[in-house]
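Common to both upcoming complexes is chain A, partnered first by chain B, then by chain C.
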Partner chain A sequence: MNLQRRKSILKDIRRHGFFNACLLATIVLLSVMLLSGTVVSTSLRKGMKNMQQRLGADIMLVPKGSKEKAENMLLEGSRSTFYFDDSVYEKVESINGISQVTSQCFLKSLSADCCSSEVEIVFFDPETDFVVAPWIETEYKSGLSGDAVIVGSDISSEDGTIKLFGQDYPVVSKMARTGTALDSSVYFSSEAKDGLLKNAEEKGSFLTEDQKKSGVLSSIFINVKEGHAVDDVIEDAHKSIGDIFDVVYPKKLHASLAGSLVKITGVVNVISISLGAFLVAILLIINSIIMRSRKHEVALLRVLGHTKKRLVGKLVTEMGLICLAGSFSGCTLGALVVIPFGRYIGMSLNMPYLGPGFYGTVLTVALIISSVFLIVFLASIFFIIHTTNIEPYLALRREE
Partner chain B sequence: MLTAKKISKSYTQKRRKILDSLEITIDEGEFVAVMGESGSGKSTLLAVLAGILSPDEGEVLFEGEDLYSLSDEKLADVHRNKIGYVPQSNFFLKNYTILENIVEAFLSSKEKTEEELTEKAKSYLTDLGISDLADRFPHELSGGELKRAAIVRALLSSPVLLIADEPTTGLDSNTGNIILSYLSGYAKSGNSVLVATHDDHVKEYADWIVDIRKDLE
Partner chain C sequence: MKNRTVFAAAFVLIGLLVILAPTVLFAVCESEKKMACYYTGKAVIGIGILIVALGVVYFFLKNKGTRLGIAIAEFFTSGLVLAFPLKLTGLCKMSDMACRVKTLPALIVVSILLVIVSLIDIFFLAKGEKSE
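What follows is the complex of A and B.
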């Protein structure tokens, strides 16, 4: 396209300023709606899939009265601390019908030099663990010795260490992104607990009496052997350790959430389709008005020697430029709203929410821009072809 | 140069034939006036002869080729280079100056540069006495001034056939005479001019007149 033609197209867009502004606004809204709808529903689905893949335990035992906190921790990764005595673990381990058992201990959130927000410290047993391992993104070979740590995906450790209470701890591995507060967690081996607590006290960090105790656990994760009933295992646990625990069923929790997800995505889809249909109708109306207002101009240009093909090309190019500006602005606006507040959206829906990463966002934006182009093209091409096909004299006469 | 053979045209909403088996030939250098009452079909005849309204029957031969058998590209080429048409209504793009309005339609063609087109447009504007209005906007001009600007726009491609629909209607006699005199001069330079008009003054300039009621119906 030569310079004169480009200038002419830009002038034409400005000339029909009001209607083109309406068209632009509609495209912006359509893009915002498509992007937000796609990102929210995809992130919820991804969060759910991620959760399904990683929630390895059949049951999770937590101290009595901590069930809600534990469920929230599983779903949203929200930070909680609750403890029971670690003697419970040995009793549970000996219950018949258990194939895997491991424990974790959560320490309160602490400010760390590495991060702008507080980090959660989790102690786990690498020997028996089957809960943290599936999340590990980069394999570590040397084992988790005393002061080594595994960090959540949001924690930066460029020099391979993380500083906590003034001491550097070597980072041996990083977790996959969960889209929850667990992304800013630091995982220590249980062996490291005493040393860390001592160090924290020396640095003047406030710890509760429960946290200071060395022989406490926050949760016990259990996988039941095939052929054994989960309820039998729970009953045996009651008999063995008494009524001091609540049971969380991560997999049942997932099944219940999956049902909610279907409802939520259904609502999101219905809203998106209704709003989309409304915006497409607006697009059709605006395109019809624009082309009607340009009928005379198109006819005159044909009288002056423009071919139909060239006029269609010119009008489609104008529409394309408006579409590009609108869809790009809409996607930017949508991304600015949906992506930074993704975690809050997940929390408000009480669902796991795993937003798209950089490449995922770029891909989604490209997909939305292409879709918006297609929608706008289909919503305008009929009017464009119809207008360029009217016999010039008839179009000129109708304006008289 | 242009021959119309057995041209018929009717509009569906009116049913009656506006043009019925019409035949007309225009030669090079002729100034032809089409006269008749309102609704007699003058504008329709001009549009059919200009290649912008297809007839129901018959053919319009321009330089030996039927305009309505040409491809869209070839017909556009004829309109761009050989047939100039001045519509009855003065249509101009609102936010463009008169000079921009005249030049704009031809800018995207690679045949002439913007400078060449501007120079040529200014020359025609001077010929028609409105060179001082080149940078004004359409709403600042009178009907007669706009009509003259529309003629300049049609002349910019130096067409061998200029067709003007009611170029003097609604204008004072002085402005009308300026326009008719210019069109007559254009015909005398070897081109052909076809106008539809109610204006009896045209008889002073036309080589021959088609009275659409008497001659064609």
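What follows is the complex of A and C.
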């Protein structure tokens, strides 16, 4: 496009300033709506999928009175400190009808030398584990020995090590991103617990009396054998351990959240479709007004020797420029709201929320800009062709 | 005149948002113990007042060169809005605290808006377009 033609197009856009501003505003709104709707619903679905992988157990036993904390932990990944004696684990193992059982112990928010924020330390048993493994991003080949760790996605490890309480621990693997507080967790093998607590105490970290004890657990995850009822297993557990635990049902929690997700995405879809249809209708009206007001100008240009093809090209280019400016501004505005506030949206909806990464965002923005281009093109092309097809004589006469 | 008023109003509005974000709109964590985010909130209020003051001064100045200087100052102040929560004073250490979930994103958004507005203003002023 040469300079003169470019100037002429910009001049034409300015000349119909009011209607083009209305068109721009509509495109901005449409882009904001499409981008926010897409990012929110995709992030909720991703969060739910991720959560499903994390909630790999049928039941989870936690100390009595800690059920709410444990549910929050499953949902938001925020660690809490609750403990029971590790003798419970042995008793649970002997219960009939259990196919898999593993335990974890949490140390909440111990400040570490490595990180600007506090890290949450989890001790788990790699031999029996079936809860942590599904969301380990890179498989570690050797077993998790005492001095090796797996870290959450937010924890950066320089030279493949992480410094905790003055000691370097090799990082053998990294977790996939969860969008929750789990991303700032460090996972140790249970056998490393005593050594780590000793180091923490030596370095002056505050530890509660419960945390100092070596024979404690925070939660026991159980998968029930096929053909056995979960309730029977719980009843047996009550008989053998006593009434010292609460039961959390991770899979049921997921099912109930999945139901909520369907409702939320349903509402988002209905609003998006209604608002989208409304905005497309406005686009059609504005395009019709703009083209009607330009009949005279188009007819004159045709009299001056412009071909129909050239005129269509000029009008489509004008529309394209407005569309590019509008969709880009709209996507920027939408991204400014939904991306930084992603965690807040998830917490407000009480749903797991896993926002898009950099490439995901770029791809979504490109997709939305292309879709908006297509919508605007389809909403304007009929009026453009119709206007350029009118005989100049008739158009000029009607304008008189 | 038109551009001068629009940009002055934008700077004042953004400055007010910077003041209101950690105090009213997306308040930092409430606690008896004064945590890092409390001090960040106070510092950000100070920066917000500075942004508003620069916006008001901008409105009364007719000299383009001086206004260009103020626009550049606003641009760098946007960095300061983020420097306090991210580096200088910091926020609470837990990732699910209100200051990290609400205040920080709000400050990021406001700071980006300030960058965009000041860059557009710098562009217009530097280009020497008539703003009055």
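The working rule: the second predicted complex is superposed on the first by the 391 of 400 C-alpha atoms of A that agree within 3 Å, B and C clash if a C-alpha of one lies under 4 Å from a C-alpha of the other, contacts with A are read in each partner's own complex, and residues count from 1 in each chain.
Just so we're on the same page, a contact is a pair of C-beta atoms (placed from the backbone, for glycine too) under 8 Å apart; a residue touches a chain by one contact, two chains touch by 3 or more.
Keep in mind it's a predicted model, so treat the numbers as computed, not measured.
K.L.:
More chain A residues touched by chain B or by chain C?
P.N.:
B
K.L.:
Does the superposition put A:Gly97 against chain B (first), chain C (second), both, or neither?
P.N.:
A:Gly97 contacts neither chain B nor chain C.
K.L.:
Which partner does A:Gly360 reach: the first (chain B), the second (chain C), both, or neither?
P.N.:
Neither partner.
K.L.:
Of the two partner chains, chain B (first) and chain C (second), which one does A:Asp183 touch, if any: first, second, both, or neither?
P.N.:
A:Asp183: touches chain C, not chain B.
K.L.:
By the touch definition at the top of the document, which applies to A:Pro170: first (chain B), second (chain C), both, or neither?
P.N.:
neither
K.L.:
Looking at the overlay, does A:Leu304 come into contact with chain B only (first), chain C only (second), both, or neither?
P.N.:
The first partner, chain B, only.
K.L.:
Tell me the contact category for A:Gly313 with respect to chain B and chain C: first, second, both or neither.
P.N.:
So A:Gly313 meets neither chain B nor chain C here.
K.L.:
Residue numbers of chain A touching chain B in their complex, please.
P.N.:
On the chain A side, the touching residues are 2, 4-5, 7-8, 11, 14-15, 296-297, 299-310, 314, 391-394, 396-397, 399-400.
K.L.:
Can you tell me which positions in chain B touch chain A when the two form their complex?
P.N.:
Checking each residue of chain B against chain A gives 43-44, 47, 50, 52-54, 72-73, 76-81, 85, 87-89, 91, 93-96, 104-110, 114, 153-154, 157.
K.L.:
Spell out the residues on chain C that touch chain A in their complex, using ranges where they run on.
P.N.:
The contact residues of chain C facing chain A are 90, 93-96, 100-102, 104-106, 108-109, 112-113.
K.L.:
Within their complex, state which residues of chain A touch chain C.
P.N.:
Going through chain A, the ones touching chain C are 76, 78, 109, 111, 116-118, 154, 181, 183-184, 336-337, 340-341, 343-344, 347.
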